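Each of the two complexes below includes chain A, the first together with chain B, the second together with chain C.
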Partner chain A sequence: MAEAHPVGFQWVMEAKKRGATVIHVDPRFTRTSAVADVHVPIRAGSDIAFLGALVNHVLSNDLDFREYVVAYTNAANVITESYEDTEDLDGLFSGFDPETGIYDPVTWRYDPPEEMNAEERERAGELEQEERESTAGDHQQSHQAARSESHGSGGAPVSWKGRRDETLQHPRCVFQILKRHFARYTPEMVEEVCGIKPDQFREVAEALTSNSGRDRTTAFCYAVGWAHHSVGAQMIRTASILQLLLGNIGRPGGGIMALRGHASIQGSTDIPTLFNILPGYLPMPHADQHASLDEWVRGDEGKAGFWGNVRSYAVSLLKAYWGDAATADNDFCYDYLPRVTGDHSTYTTVKGMIEGSCKGYFLVGENPAVGSANGKMQRLGMANLDWLVVRDLQMIESATFWKDGPEIETGELVTEDIGTEVFFLPAASHVEKAGSFTQTQRMLQWRDKAVDPPGDCRSELDFYYELGQRIRDKLAGSTDEMDRPLLDLAWDYPAHDGEVDGQAVLREINGTGPDGAALSAYTELKPDGSTSCGCWIYCGVYADEVNQARRRKPHWEQDHVASEWGWVWPANRRILYNRASAAPDGTPWSERKKYVWWDAEQGKWVGSDVPDFVADRAPDHVPEDGAKGPDAIGGQDPFVMQTDGKAWLFAPLGLADGPMPAHYEPPESPVHNPLYGQQNNPARRKLDHPSNPINPSWSEVFPYVFTTYRLTEHHTAGAMSRTLPYLTELQPEPFCEVSPRLAAERGLEHGGWATIVTARTAIEARVLVTERLRSLRLGEQFVEQVGLPYHWGGNGISRGDSANDLVNVTMDPNVYIQDKVGTCDIRPGRRPRGRDLTAYVEDYRRRAGVDMEHPEEGGAE
Partner chain B sequence: MDIGKRIGSWPLLRQLTGRDLLGRGEAVQSPRSRDLTPRTVDADDVVSSVCPFCAVGCAQKVFVKDGQVTQIEGDPASPISRGRLCPKGSASKQLVTSPSRVTTVRYRRPHATEWEDLDLDTAMDMIADRVIKTRKEFWEWEADGNRTRRTLGIASLGGATLDNEENYLMKKLYTAMGAIQIENQARI
Partner chain C sequence: MTNSLWGRLDDVAGDAGYDDHPPRMGFFTDTSVCIGCKACEVACKEWNQVPDDGYLLTGMSYDNTGALGASTWRHVAFVEKSLDVSTVDLGLPAMGPPEGQGQATESGDNGIRWLMSSDVCKHCTHAACLDVCPTGALFRTEFGTVVVQPDVCNGCGYCVPACPYGVIDQRKEDGRVFKCTLCYDRLKDGETPACAQACPTESIQYGEVSELRQRAANRVHELHEKGVDVARLYGADPDDGVGGDGAFFLLLDEPEVYGLPPDPVVTTRDLGSMWRHVGAAAATLVGIGVASFVGRRR
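Moving on to the complex of A and B:
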C-alpha cells in the first residue's frame, strides 16, 4: 500500500501512531513492510490457504463474534441435503461437470423455510424440477457466471430466507459446513503451502482475533495481489468470511478495502465500460433468458431488499437512454438493448480479433500491448483489424506495434503485411476538461477545467458526443430497424465554447423527475417511465440542482466523517451496511465503536453517517408475509442489497467456482497442491490459442515462480510515467528481483542482465539481488520467486521489455481476470535478438513438453 | 555602492551581528534570492482538481498563468490527502506540459510504414464511416434462435482513466450501436 497508494497509506501510519498493529502479507519486502509491525512473506498465489487457516483458527477456538454471526450472517441457514463438499470429493464441490468445466450450483442452495407460503411452495416445485434436470446432465447456462459480476452491489437473488437453526448445531447449517470445510487448513498446512512458519502464523492469528469484537475492529486492505488470480474472487471471499466471523463488516475501522489502481476505475465499474453490466450493476440482457423487459427484471423484482425495485432502476435507465421514444407501449425501448450470449470479455475479444471476427477497435486511455497479459496476443489481435482508433496523451506501444513491436523484431509480423488502419487522436489531460472521478471509496470528486487542451487534443466527452452526432447524421432518414436505437437515442447535450457541458451529463446520470427537476434519491425512481436516471446508485449526486461532487469543505471545518467533501454513492453514505455497527436491538456494540444506532425517541436511525437502512425501520420490525422490496427488510437484516438481508459466509448462488473458497495452485506451479487431489481451479477459464501456451506444472525446465507488480514511481502500462523526466530519473529501467540463493543457483550478478523465459516468450531485465524476496521453504521443497515490475515497453524516455509478455491468460471464472502468477526459468545475460528469440523459446517449449495441440492445459491433470 | 554598505552586506558579518546565527536564512540571502517568490503567487487562477494516477483521489490545486499550467500542488483541505501528493502526483505538471505529448492527429494507412498527418475533422468523418460499415458488415439479429440485436465487429477498451460522464456517453453510444465488447482496466 505504501508503494502503490502512498498517500492513502498515511492513514495506516496514523492508526499505527494510535496503537494499531500493522501486518503486511506480501511475497516481497516493500516500503509497507519497512514500517509494518510484522511482514509475512508468502508464496504468490497461496492466499486462500493462509486466510483459510485464519478462518479455521477462529472456528476451532470459538473466537467468532457469535451474536453478530448469528444475527447478521447466513451461518444459521441449513443447506440442501444434496450438497457435497471438497472434503467429500477431493477438492471439488457438488455440481461439477468435467466435460464443460462448469458448476451447476443447484445443490448449494438453502433448504426451504419450515413453513412455506404459497409462493414459496411454487418456487420449491420449480427448484425440484431444476435439480432433476441438473442431475440428468441438462445444464442451464442461466445459473452460470455471466451474471456473477452484475451483483457488484449485492448478492444473487435467492428464493427465500430459508430454514435457519440459530443454535448453529444442525449438521447441515452453514456454520458446521464451514467448520468441516476449513478443518484441514492448519498452521502446518500453511507452512507447506505458503512457506509461512507456524509461529508467525499464530502471531498474526492472535493479533487479528484479539483486535476484533465489540470494542475493536480490524480492517483488511488489498489490491490486485488478490484480484489477479484464477481464484481471485475466492481469495477476497475468504477475507470476507473471516471478517464476518469476527464482526468486522459495516463497522468503523473494519471492512475489506479494495485499493483500486486508476483514478476512476471505480467509476468505470459503476457506470461501466464493461461487457456484462449496464450502469448501476444492472445486468446486460442475456439472449437466452431476457427476451422482454419483464424477463430482464424478473430475477430481482419484488424480492426483499433494495434490488426488489429493479424495474424502477431499469426503466429509468431506458428513459435516460432513449427519452421520449421510450414508452410503456414499447417496453421503454427494451428491445433496443443488444444481448450478450456468454463471455465477451477483453481477452476473448482479442482472440476474436486474431481469428477475424472483430475488426474495429477503440483504445481509450489504455495500452494493452504493455498492460494486458500476454502482450503478443494483444499485438497479433491488433495486427488483424480493419481499423484501430487510439486516444491517448502520448504515442503508446499499442499505437505503434505495426512498426516497432517485438514481433516486428522477430519477424513474426511484417509491417507491410499489416492491413490495420490506425488513427491516433490526441486526448485532453485531466486539467483540460471538467468532470468527475470516482475514487476507491466510491467518492465522486469533481475537477474544474484549468486550461484549454492544446492542438487537436479533445476530451472523450467531446469525442464520443461528436462521433455519435456524425453517425446519427449519416444514418438520418434510414428506415433500417437496426438503426433505430441510434436515431432514437437521447443525444442532445448543451455545449459551452464548443465543448459538451459535463455537468449536464452528470445531471442526466443523477436523474430527473416528472417535472424535469433533479431527483435527490434513488428511492424516488418509478417503474412507469415518469422518471429518468442514467445510473440509479448515483442518484443524489445532483440533488437540489447542485453538483454535490464539487463540494470542497475543508476537513478542519468538519467531523472525521467529512461528509461535505465530494459525494459518495449511494446517498452520500461513507460506510456500507452500517446498520451492522449496532447490535440487533439497535444499540451501539460499544461506546468506542459507536457509529449508527436506533433512536427510539425519534423513531429513526441516527449517527455520524447516513444510515444504510430504511430510516424509520425499528430493530424489532418483522415484515408482513408477502411484503416486497424494501418493505420486506427485517429490522435485524443489515445487508439490505441481499434478498435474505444476511451476509453470506456460504454463497448459495452467484459464484462460478464453489460456494466457499478452496485453495488451488496457479495454472503454472512448481508445487503439488497439498490440500486436495485437484491441482488447479477446476472451473478456471482457459484461453485456447497457440500464442497462449501454458507451462506444465512441476516442470524442471520452468522451476521458478514469477509475479508482477507496480513501483511507486511508475503508473501501470507507463504512458503517464515513462514519458516524464522526473519519474524516469527515479526508476530508469526494468529490473527483476531475486533472492541471493536464486542468484547463486543461476549465477546471476547484481546489476547485470538476466533473461526470464516462459512458454510465451523471453524478456530481459537488470538483476537486483536482494533479500526483499525470500527463498521460501515448503516442507522439503525450496520455492524461489522472481519479482517483476511490469511498467515498461518500447516507447517513452525509459524503455525496456514488458513483463506482461511473460504472463499467460488463464482467467478467474467469475470475473474473467487473468492469473499473474506463473513459472519461468531465469538465466544470466541478455535475451537472444530477432529470430533467435523465437527459436530460443521454442526450444524451451520442446524441452518442457508443452503440448501445442492443447496449449491451454499445461498438462497438470 | 559605498564601502560601508559593502562591508555591511558581507554574509559572515550579517550572520554574526544579525538574528540568523546559523546562517540558514536572511544572513545568506543575496538581493536576488531575497526577491524570489514562488511561481504560485502570481498565478491568474488556482483551479480545484484531482490527481489522475491511482484511485486514492488526492485533491490538487492547479496554478494557471497566461493560459498555461505553471504548478500543480496538493490541496491541504482534502480529508483524503491533507495536501500530500506522491512522486507521480507531484510530477503531474510534467504530465500535462510534457513536450512529447502528441497534439495532432496521426494516421497510418493500411500496410504503410510511416505515419501521416490528417486533420481532425477528416479523421472524425472517416471513423464514423468505419463504424457504420463494420457495424453493418458484422450485424447479428440472432444467435441460436434468440434475438441478439448486436455487432461483434466492434470492440472498445478503456475507461478507468476517464471521467464518469465520459464512461456514461461511451456506454450509451456503444449500446445504441449494438457493440457489446466494451471493456476497461477493471477487467485487467
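Moving on to the complex of A and C:
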C-alpha cells in the first residue's frame, strides 16, 4: 500500500502512531513491509490457503463473534441436502459440468422455510424441477453474460429467507459446512502451500483475533495482489468470510478496503466502463432474456431490501438518457439500450480483434500494449482493426506498435501489412479539467481545473460531447429507426468558456424530480417516469443544488466521521451496513465502538453516521408475510441490499466458481495442489489462441514463479511517469528482483542483465539481487519467485521490455480478469534479438512440451 | 564574536546581524515513518526547478539518486540490512548485492530491515560553507537558514570541501554551487517548504527549530517506551561539532548506516585558533627579525 498508494498510506501510519498493529502479507518485502510491525512473505497466488487457515483458526477455536454471526450472517441457514462440498468431491463443488467447465448452482441453495406460504411452495416446485433437469444450458448463457458479476449491487436474489437453526448445530447449516470445508486449512498446510512458518501464522492469527470482537475491530486492505488471479473473487470472499466471523463488517475500524489501480477506478465501476453493468450496478440487458423493461427488472423487483426498488432506479436512468422521449408508452425507451449476447469483456474482445469480428477500438487513458496481460495478443489485435482511436497525454506504445512494437522487431508484424488507421488525440490531464474522483471508501471528491490544457488537448467530457453532437448532426433528419436512440438522447449541457460544465453532468447523475429540482436521496426515485437519475447510488451528491462532492471542511473542524468532506455514496453514508455496529437489540456493541444505534425514545436510528437502515425500523420489527422491497427488511437484518438481509458466509447463488472459496493453484505453477486433487480453478476462463500458450505446471523448463507489480516512482503502464525526467531518474530502467539463492542457482549478477522466459515470449531486465525477495520452503520443495515491475515499454525517456508480455490470459470466471502469477525461466544475459527471439521461445515451448493444439490448457489435468 | 565559529549559539540570525528577525526555522526528519516514496525529491525539483540528475540504475536498493548534490537537494537513502545475527555488520550502507549468498534467505529466518531516510542540507548553526565563501554568495537568512545566491556565486568551490556533510556541490557544466535553500522564497511568503508539504506521512516536519527539537525529543522517548531502543536523534544537539543542525533527524541505526558522518565538526572550528597561531607565529618572526637587527647594532 505504501508502494502504490503512498498518500492513502498516511492514514495507516497515523493508525500505527495511535497503536495499531500493521501486518503486511506480500511475496516481496516492500516499502509497506519496511514500516509494518510484521511482514509475512507468501507465495504469490496462495492467499486462499492462508486466509482459509485463519478462518479455520477462528472456527476451530470458537473465536468467532457468535452473537454477530448468528444474527447478521447466514451461518444459521440450512443448505439443501443435495449440496456436496470439495471435501466430498476432491476439490469440486456439486453442480460442475466438466464438458462446459461451468457450475450449476442449483444444489447450493437454502433449504426452504419449514412453513411455506403459497408463493414459496410454487418456487420450491420450480427449483425441484430445475434440479431434476439440471441442464447447464441456461446457466451457461447466464454466466457467459457475466450475470454473476451483475448481481453486484443486490447480490443474487434468493428464493426465500429459508430454514434457520440459530443453535448452529444442524449438520447442514452454513456454520457446520464452513467448519468442515475449512478444516483441512491448517497451519501446517499453510507452510506447505504458502511457505509461511506455523509460528508466524499463529502470530498473525493471534493478532487478528485478539483485535476483533465487541471492543476492537480490524480492517483489511488489498489491491490487485488479490484481484488479479484466476481465483481473485474467491480470495476476496475468503477475507469477507473471515471479517464476518470476527464481526468486522459494518463497524468503525473494520471492513475490507479495495485499493484501486488508479484514480477513480471505483467511479468507473459505479458509472461503469464495463460491458455487463449500467450505472449503479444495474445489469446490462441480455438480448435473449430481457425483451422488455418488465423482463429486465423481473428478477429483482419486489424482492426484500432496497434492491427491490430496481424499477425506480432503472426507469430514472432511462429518463436521464432519453429525457422527454422516454415515456411509459414506449417502456421509457428501454428498447434503445444496447444488449449483451455473451462475454464481451476486454480479453474476449481482443481475441475478437485478432479473429476479425471487432473492427474499431477506442483507447482512452489506457495503454494495453504495456498494461494488459499478454501484450502480444493486444498488439496482434490492434494490428487487425480498421481503426483505432487513442486519447492520451503521451504517444504511448498502443499508438505506435505498428511501427516500433516488439513484433516489428521479430518480424511477426510488418508495418506495411498493418491496415489499422490510428487516430491519436491529445488529452487533458486531471489538473487541466474539472471533475470528480471516487475512491475506495466510495467517496466522491471534486477537483477544480487548475490550468488550461496545452495546445489541442481536451477533456474527455468535451471530446465525447462534441463527438455526440457531430454524429447527431450527421444523422439529423434521418427516418431510420436505428438512429432514434442517438437522435432522442438528452444531449444538452451548458458550457462555460467553450467547455462543457462538468457540474451539470454531476447534477444529471444526481437526478431531478418532477419540478426539475435536484433530488436529495434515492428513496425519492419513482418508477413512473416522474424522476430522472443518471446513477441511483449517486443520488444526493447534488442535494440542495450544491455540489456536495466539493466540500472540503478539514477534519479538525468536525467530528471523527468527517461527513462534510466530499460525499460518499449512498446517501453520504461513510460506513455501509452500519446497522451491524449495534447489537441485535439496537444498543452499541461497546462504548468504544459505538457508531449507529437505536434511540427508543425518538423511535429512530441515531449516531455519528447516516444510518444504513430504514430510519424508524425498530430492532424487534418482524416484516409481515408477503412484504416487498424495503418493507421486507427485518429489524435485525443489517445487510439491506441482500434479499435475506444477511451477510453471506456461504453464497447460495451469484458466484461462478463455488459457494465458498477453495485454494487452487495458479494456471501455471511449480506446485502440486496440496489441498485437493483438483489443481486449478475448474471454472477458470481459458482463452484459446496460439499467442496465449500456457506453461505446463510442474515443468522443469519453467521452474520459477514470477509475479508483476508496481513501484512508487512509476504509474501503471508508464505513460504518466517514464515520460517525465523527475520520475524517470528515480527508477530509470526495468529490472527484476531475485533472491540471493536464485541468483546463485542461475548465476545472475547484481546489476547485470537477465532474460526471463515464458511460453509467450522472453524479456530482458537488469537484475537486483535482494533479500527482500525470499526463497520459500514448501515442505521439501524450494520455490523461488521472480519479481517484475511492469511499468516499461518501448517509448518514453526510459525504455525497456514490458513484463506484462510474459503474463498469460487465464481468467477469473466471475470478473474475467487475468492471473498475474505465472511460471518462468530466468537466465543471465540479454535476450536474443529479432527472429532469434521467436526461435528461442519456440525452443522453450518445445522442451516444455507445450501442446500448441490446445495452448490454453497448460496440461495440468 | 564568542561562539560565532563553533559551540553553542542560541540566536543564529542575531549573530549574523539581524536585529529583528523571525524564529529559526528548520526540518525535523523522522525516518521512523518514512516510506521512501521520494515525493520530497520530486516536489523539491518541481518547485526549485532543479534539473534531472541523470538516468542511472545504481543497484543500491531503490536509491537511484545516490547522494545529495548540485541537482539533488533532497535524497532518500534506502538501506537493506539483514537481520541475520550471523552476518557481520560492517556498519556501512548496503552497496551492491547482500553478503552471504546461499541459503540465508529462505522463509522463516530473521528477515531484513529496509531503512529509508530523506537527507537534506543541515543548515548548520556554524556553517563552514558560508564562512569560507569569499564572494558572499552564501549567506545566513533571517530564518537562520543558509542559502546560495547563484547570481553572486563565482564558482570558486571553496565551500565544497568545507561542508562536513558533503552536501554542497558544483554543477559541472555550470561551475556554480547549488543546494537546498529550505525554500527561502516559500518561507518569505509564510509557506511550508515543498518537500515537507509533499511528505504524506509527516516524516519531514517543518517548523521552529526550538519546537522541533522538543517534538523530536518526545518522539524518541515515545519510541523508546515502545521498545524501539535503536531510535536516536542526529544533529539535534546544540553542543555538537556544528552547534546543532537546523535540519536534524531521527534515525533507527548508526548514522554511518545512512551514509551520514558520525561526529561532524565544522571545518572552520579552528579558524580562530589558527589565525591566533598564525598571528603569534608572525609576531614571533617579526620579533626575531627585530631582535636580530637590534643584535646587529650592538
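The definition used in the following text is that the second predicted complex is superposed on the first by the 850 of 861 C-alpha atoms of A that agree within 3 Å, B and C clash if a C-alpha of one lies under 4 Å from a C-alpha of the other, contacts with A are read in each partner's own complex, and residues count from 1 in each chain.
Keep in mind that, in the parts below, contacts are C-beta pairs under 8 Å (C-beta built on N, C-alpha and C of every residue); 3 or more make two chains touch, one makes a residue touch a chain.
All figures in this text were calculated on a predicted structure; none of them were measured in a lab.
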A:Asn680 in the overlay: touching chain B, chain C, both, or neither? Say first, second, both or neither. neither
Pick one for A:Val7: touches chain B only (first), chain C only (second), both, or neither. both
For A:Arg772 in the superposed arrangement: first (chain B), second (chain C), both or neither? second
Tell me the contact category for A:His750 with respect to chain B and chain C: first, second, both or neither. second
Considering only touches as defined above, state whether A:Arg741 meets chain B (first), chain C (second), both or neither. second
With both complexes superposed on chain A, which partner does A:Thr341 reach: first (chain B), second (chain C), both or neither? first
A:Phe782 contacts which: chain B (first), chain C (second), both, neither? second
State whether chain B or chain C is in contact with more residues of chain A in the superposed arrangement. B
Contact-wise, after the overlay, does A:Asp456 reach chain B, chain C, both or neither (first, second, both, neither)? first
With the two complexes superposed on chain A, say which partner A:Pro554 touches: chain B (first), chain C (second), both, or neither. first
Does any part of chain A touch chain B in one structure and chain C in the other, and if so which residues? 6-7, 10, 712-713, 725-727, 730, 797
Provide the residue numbers of chain C that touch chain A in the complex, in ascending order. 32-39, 41-42, 45-46, 51-57, 59, 61-62, 64-65, 80, 82, 96-98, 100-108, 111-116, 200-202
Interface residues, chain B side, partner chain A - complex: 45, 47-59, 62, 64, 67-69, 72, 75-82, 84-92, 94-96, 98, 100-111, 113-115, 118, 120, 123-132, 134, 136-139, 141-144, 146-188
Flag every residue of chain A that touches chain C in the complex, lowest number first. 2, 6-7, 9-10, 13, 17, 29, 31-35, 39, 41, 195-197, 199-200, 711-713, 725-733, 735, 739-741, 743-744, 750-751, 766, 768-772, 774-777, 782, 797-798
